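Following this line, the structures themselves.
Here subunit A shows up in two complexes: once beside subunit B, once beside subunit C.
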Partner chain A sequence: MINLPFDPLLVAILAPLAVALAIACGLPKRFAVKLAYVGFGLPLLLALHVWFYHAAVPQTSGYAFLTAYSTGLEALGIGLKLGLNGISLPLFVLAGIVGFAAGLYAIQSGAERLKIYLMLLLVMQGGLMGVFASVDIFFFYFFHELALIPTFIMVGIWGGRDRNYAAMKLTIYLTAGAMLSLVGLIALYVKSGANSFDLIELRRVLAAQPLGDTVQQNIFGLLALGFGILVSIWPLHTWAPLGYGAAPSSAAMLHAGVLKKFGLYGLIQIALPLLPAGLVHWSHPIAWLAVIGNVLVIGFVTIAQRDLKQMVGYSSVMHMGYAFLGLAAGSTLGVGGVVLLMVAHGLSVALMFLLSTSVYHRTHTFALDEMGGLAQKAPVLAALFVAATFAGIGLPGFANFWGELTIFVALWEFSPLITALAVAGVVISAIYGLRAAAAVFFGPVTPEFAKVAAVNPVTDLRWSERLPALILLAALMFVGFWPKSLSTALDATLAPAPAARVAAAK
Partner chain B sequence: MTPVALALTVLLAPLGSAAVIALFLRRQGTLASAVSLAAALAVAVAGLGLALGGDAYRFNASTEWLKLGSFSLSLGFKFDDLAALMLSIVGIVGVCVHVFSLGYMHDDEAKARYFGGLSIFMFSMLGIVFADNLFMMFIFWELVGFSSYLLINHWHERAAPAAASKKAFIANRVGDFGFLLGIVMCYWANHTVNLSELDALAAKDGLVFSALIPLLLFCGAVGKSAQLPLQVWLPDAMEGPTPVSALIHAATMVAAGIYMLCRINVLMVPDALTVIMWTGTATALYAALCAIVQSDIKKILAYSTLSQLGYMVAAFGLGSLAVAHGDHSHMVAAGVGAAMFHLMTHAFFKALMFLGSGSVIHGCHHEQDIFKMGGLKTKMPLTFATFTLGVLAIIGFPFLAGFFSKDAILYLAYAKNTPVFALLALTAVLTSFYMVRLWKITFLGAARSDAAAHAHEGGLTLTLPLVVLAILSVFGGYTALYPKVFSEVFVLIPIAHGTDHMVILITSVAVTVIGAASALVFYKSAATDSLGAKSPGLFGALTALQFSFDRGYDYYVAKVQQRFALFLNFLEQIFLAGLIVRGLAGIVGLVGLGARGLHVGRLNVYLYWFLLGLVILWIYATEIF
Partner chain C sequence: MDITVLQNLAANNLWGAITPEIMLGVLALALLVIELLFPKQQHRVVPVAALVGLLCVLGNVLATFHNPHVGTETFNGLLRHTRDGQIMRVFFLLAAVMVCLLARVSLAKQTMPRVEFYHIVLVVTAGMMLLAQSNNLLLLFVALETVTIGLYILVSYYRNNSLTLEAGLKYLVMGALSSSLLLFGIVLLYGVAGNAALPGHTAQAMQYGQLASFLAANPHNFLASIGIVLVLSGVAFKIGAFPFQIWVPDVYQGAPTPVTAFLAVSSKAVGFAVLLSLSLTVFASYGWLLTPVLTFFAGATLLFGNIAALTQHNVKRLIGLSGVSHAGFLLLGVAAASRAPMAVGSIYFYLFAYLLASFAVFGVMTHLAGANDTDQELDHYAGLAKADPFLALVLAVGLGSLAGIPPLVGFMGKLFIFISAFQAGLYGLIAVAVVGVVISIYYYFGWIKAAFFETWATSPDGPAKPARTPVDLVTGIALGALALSTVVLGFYQGPLGAWLTPR
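So, the complex of A and B:
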């Protein structure tokens, strides 16, 4: 099984796109749904396959499963080159798992115009697999756009409250972020003189002849700003809670869980190794914005939320602060922690969005004050929600713990003061997380909820909702119990590369 | 079996039990309780085998768990006499509580969840016991907090347990904030957090000393062992089922803070010890004062636990003692010895009394107010007899377990710090007073309610654990009976000689007698609280003292934290989401940067622009034209 008769990465990208195309060509609904299982399932299976065999297959330039395809764009240095290193592997796996869970949840959701909904989600899924499998920066960016556009459309059509405003805001922000980072990437391409978008080639050229410090600083600044918007760095984060509040659950799962990681991934995979002096220059402003803005201010703002989905959205913004902090620390430990946190956060936030929607189907409201006592009627939902909450607040046994712990340890070396402020966030997240869990599930049933429950009898989580949730939870616990499943490859990629150079640049 | 395999069995049996219950036995409460009990028995048998096995069963073993760059985190066992002692306590009390739970939770609807929670707790607690490094200890430290949350919240349909569980976890998180920073600081200062390596560094004077490291680590103990000012969660935690209170909130988890301090004894510096000593002393006295005005049987025991934990923390903070050896003397970590000794005896007699109170509550149909009890001596003779032994043990009645361990602490205080000695002696008087008050009002006199009049002894599962723990509460103090085991710890126990011995003995007996006698006299009639009737001023002051911290925190949460959060949220919504962003959006619209494509409802236009751009790029790149 180690050698498949086809390129697993290419098939993982094309399978959902092909299914989307088939649906677009007018496949009847019952076939469309069946085929959608394949479209979401195949990337998952292939992701698990490459995860399992990653250490066993031969590597070229640090990449496993490396394959190049001709695109007819070689004149510009653009080629479709697919491969996975220790940084992209965890995210590729994340995309496979979250995509499958989001797909399953979408299939059972009974959304209006389900076919188009699934089609857009499949396009998104194909794009996501492509983002993390691309070694070529051009396609890395291309796949991101491919995944981003369906997000806008899904929010605009299937969104909840304020969907029009949310869709517009999302579009403006994310397009602006993407544009800025594109300018940065093009600048990198031009200045490097490598005449190639191929990351391996860029690395080789820039290792031999690094860019000047000023150039590095300027390009890194552009990339940090552009990617930063995409990852909702404070104060450019306001699209996130609003957008996720309005987005249909599967789209929110895929965007918050996976697509949002594009920015951080770009910074780690591209900016850090190619522009080490840029990181040194910008690390303090980034760290302060992240710790004061994302962690503390947004932490308190999250405490103030009275709407479950808004709370999840804001908590996601808060946790991105930790990611920026690990990035600022710059060491192998810090950056490795960011990747672990990206995977963990992706799984747990997807789980939270999924479960919040399931809560909504039972309470018919997201208002925390109008819920209460749901655990009596839906114990499985309660158990999963509590587990997801504890994962989110970094309880050991879940993947998130490793991300936060390694980032905190790395951060102390960078700045003990910032570490102390950042660790205060673990108290804040415990406050809002447990408050929300208690408000939804525990204590006596509120009169408002009793009225709703009288009209719509409350049932526990159905298996079709339970299965995607259990997949996400299992993944969280698997990494939580066995972090080496991701960290070994990560360490092999990171240890020789950016850390040493950043340390040297300091 | 090799020691490592045995230790792994001990650690993993409860985890397996929890997993099996969570996955398969959610609806089979009886089967779940059997699985959980089997795991607890395995822990006790294998654990005692390890603990009593002597030097052949002391080992260090570890395996790498995570590695990134130069940072490596391992999962390892450090099994020395200290760990062996703690393992024995957890194993014995664990089994007693499991057996008791069989009877106490017999009719509970969510029995499976309860026993699953007990198993998770056993696993987490054993992880703390075995941990060979501070990161691993922190991991299991957090997990015991989680299992405590689950079990306090067992009756989640009521508001009070839901609130209490949340409060417990958050208060612990506040302590863990410092604990984690301390671990990280220790890591960067000494480049290791492995306990054996820290010991080795200390042996060759290679440790980096800083008062900040032990004080930050102590924050963890302040949270977990409920010391001032984070003690507020423990009395509220009594909302959980009573066996849980016995196991987690009296005998084992709350003592983990003291165990952790003893583990990191080499990192201590005098300034830090002084802070620890006063924190413990203050907690001991404060909680004893609060205990006097309680009327809920579990609340009295909870405040008593707080007070005794304060005793242990104070004992640790008193630190080392110079012990004469012929002509010269050397320093002995007497604080560790005294604290661990009292931890052990306290675990036995406090678990006994909590289970005894459970038996009483069970017998009185869930009545917890002692002023509605009375006359249980004849109705529940076995509970009465064992509870009496527990009371005698805690008040330091000669030749029972508490007598020895309390004397060790009093002697250490006497030798090191007179004000602390005076305060601890005063605490001992109060302890004797409130325990005899509890005992007399509950068991003696006439029944003062229907529930008490119809009280009855429970079945064998409810009484057998009481007998076992009563025996241990009587004999647990005779460390001389088992000199070969745990000798590394017990050799550290301070023992008074000569005139010191007489002073301590007289003080000890005097405080016990004064406290007990005044309680017997004062609460002659027990229809209502005599203190409230005779001295309302003092009663009111003590009640206010009890609520002062809660009031302060409630004020902070409602008036400071919540308002600050709402204020920031207001700024967020108005400035960021409103003015700035809408303003920017307006400018963007004015400039007309592709504004048409961004208009809502025509998002597909954006798609067309994107595709068009792609086509143009392609045409340009392939140089068709």
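So, the complex of A and C:
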């Protein structure tokens, strides 16, 4: 079934949005939950479909499944154009998988006002599918914001500690980042002379007539700053641990797992091919910020965390440092490694947030000092948690390994010193990961936990919690054992680009 | 008297060209007649008559949108009919429909005469429609005074409230000041243009075309530049641009909520219609003067509006000051207009986005206001989402659009203005605007937060929250339509996209 009777990308975007609309129109709860399965499941099935047939379908300008729809602004070069190339395909699949897992987890969570919660998650899911399917930069940005708004609301309503403050801080930081990157994108639109947001058109125009070096540097700087805030580059990362600490689990899974990748994706898909001279100019500052700030400083900060969810939040900030390093290296290997790491990190951090919340439901606290010995009562949870920790550290067999390995190899060409510092970060992540796993699951039962366990008998993971966790873990291991499933398409898209970049550097 | 004069008059005074304005005038008078003829208990028909009449006029304008008068001058060049003028007619009529709808809700809580309110709204709307098409400084001034005098009355309409009276007085004093600035500017321009010693001098300097060619012949005349700055200052008062924004918070708070909406939307839009036609045609040759003045206005207005709005607790003051920042955004578009082909279209698009979002918010405010219309605090919105989800949703959509959050139409407006500013190379102002947007998120989000995340804790000795008016069917449909179009136009512009193409 290569040819579906409809456009799989458009349906993957519209299905969750349509379900959200139906729920908003006052569907009774029973039907709302059933329909939510469709809203989260259909994008996953379609994502797997396009992944499976990607190589088989004909490609136009490097994009498969390319279609265009009019929204009345053709004169301005704005139109809904959907398609997937080697860079967006892995992330599109990631969005489908994490969205499905987060959806399943949300349905079983029994949150207060579940209907609205599911509705917001579905809007977020629709936006996420749209971000990675859009070829038009305007809609790329548009879908990102569409997915971002529900995050703010979910933190504000269902959030934990300090939710009002966290929601406000998240909103202001992310709006600032988004506005800066929007200005950068507009600069690209105007300065290229293409007067179009269509990425294919922009590539064509800029290949024929590249921008001057200074202009490239300035626009790249704007984009790197704006997207950098969205990806939590040090020292503009403070929203991330706070926001994730307060966010309800499914929202944190979707945001940290998928939506945060928007900034990196934007840099790889837009800034790198269109502004090669900009990357050459900025690569060293970015690399140093990433290695000193994100990897080392945040690494040590993560070790110091005594709160499980904060720790996961900080660790996700730290891992973004590797992504920036691969980006700075700029070679096919480095950038390909970033895409692999984005997929791997998206899966593993979503898994960590999911499991942390499951831990919380059993211990009623996130404080690491008050837990211990949970493994006796919940062995499956412990096993999954340890596996997720290994994935986060980057042990072979998990997707993260390939991402980090390729980035380190590419980075050696760029700067051996930075590589050495970055590899030291792996040790740091091993320290905090294993220490957290040990504190939660092993050792003697603390008096605090014994008190909680006496009131609420601790059970192992229910199947409704296990299923989303297993889906994420399976995906991690699938890519870990067979990275070629993603890298073939990735290589086909990335390989021709660096030649132009090297030429620009000389 | 020569017969040719009469022939000329007949050829020029094409009354058919101003049918909508005449219809509005007739309608306004008809309302007074209804008041005289019908017994008091049947005065309910007045708002209905006003609304139906306005919708008829709106239908008329839309049906004859591409009429043969467009692109010509009538009444000896007093009026010039353009596509932009037609767009603004639709704008003012839509705004008037909404003002009348909100007035129905708001006036029901007061013991004030009703009929005159609608009468004045109609007359003012007709004045605004003429103003947007004026092609002569004299007509500009007369029409502007028609509008302003009507607004003096409307602002102090709830006259048993001391804050309202204060607002009326402030608006009167500041309005008189700005009118005198404008008039002085016009007189200076007229006088200089009549100076026989200067090249291209003309006795017809009130005409935009004549004045423009005189200014083009004297691109650096000192008196003329003072005149231009004075005229711009007079218009800046209408818009609420810094440093002429000082009246905004007090007047917006004191005026009845529908009038606040009228001021915020129509009165601001008319200022921009005038500013655009002046700066793009008449004063076009004084770009060396206009660009710095407009840049200053835009930057200062953006910053002032947003920063001043941060600390407000009264929602009327808050929306007033946020309106100042929107004026800053529009001024950014005006500053870009001489060099960016799509700026004019962007400004109209932004104005419509602003209209939809503002009336959605004002609609909610009208329903939440108690008998004391000036007392509308942010705290009163606590728990709105639970008490009335519909109003809360409309409020969230309206505020989100004002904040410029996609997928709402306000974002598209901001995007187009940004693109225009980039085309014109106004990088400094863009930076200021970005800062402004980020600041604005704080107070818009704070308002949404109050409605959605907080609950109203009633303490026995604290002030009571005013009773909410339930939404009736017609207003509900109107508010729903505003919210829906705010959402839909955010991702599907359809034929409206054609406005943005360079003309």
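We adopt the following convention: the second predicted complex is superposed on the first by the 499 of 506 C-alpha atoms of A that agree within 3 Å, B and C clash if a C-alpha of one lies under 4 Å from a C-alpha of the other, contacts with A are read in each partner's own complex, and residues count from 1 in each chain.
Keep this in mind: a residue touches a chain if its C-beta (ideal position, glycine included) is under 8 Å from a C-beta of that chain, and two chains touch if they have at least 3 such contacts.
Quick caveat, the model's predicted, so the values are computed rather than measured.
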item	value
Contacts of A:Pro468 with subunit B and subunit C, given as first, second, both or neither	neither
Which superposed partner A:Leu182 touches (first subunit B, second subunit C, both, neither)	second
Partner chain(s) touched by A:Tyr141 [first = subunit B, second = subunit C, both, neither]	second
Which of subunit B and subunit C A:Val190 touches, first, second, both or neither	second
Comparison of subunit B and subunit C by subunit A residues contacted	B
Subunit B versus subunit C as contact partner of A:Gly263, first or second or both or neither	neither
First, second, both or neither for A:Gly336, with subunit B first and subunit C second	first
First (subunit B), second (subunit C), both or neither touched by A:Val423	first
Which superposed partner A:Phe300 touches (first subunit B, second subunit C, both, neither)	first
Shared subunit A surface residues [contacts with subunit B and with subunit C]	72-73, 75-76, 145, 149, 152-153, 156, 164, 167-168, 171-172, 175
In the complex with subunit A, residue positions of subunit B that touch it	64-71, 135, 138-140, 142-143, 146, 149, 153, 156-159, 161-163, 166, 169-170, 173-174, 176-177, 180-181, 184-185, 187-188, 561-562, 564-566, 568-569, 572, 576-577, 580-581, 585, 588, 598-601, 603-604, 606-607, 610, 618, 621-623
Touch list for subunit A against partner subunit B, complex	72-73, 75-76, 78, 145, 149, 152-153, 156, 164-165, 167-169, 171-172, 175, 235, 238, 242, 297, 300-301, 303-305, 331-333, 336-337, 373, 375-376, 390, 395-397, 401-402, 405-406, 408-410, 412-413, 416, 419-420, 423-424, 426-427, 430-431, 434-435, 438, 441-444, 483-484, 487-488, 490-491, 494-495, 499
Contacting residues of subunit A [partner subunit C, same complex]	71-76, 138, 141-142, 145-146, 149, 152-153, 156-157, 163-164, 167-168, 171-172, 175-176, 179-180, 182-183, 186-187, 189-190
Touch list for subunit C against partner subunit A, complex	342, 400, 405-407, 411, 415-416, 418-419, 422-423, 430, 434, 437-438, 441-442, 445-446, 449, 452-453, 491-498, 500-501
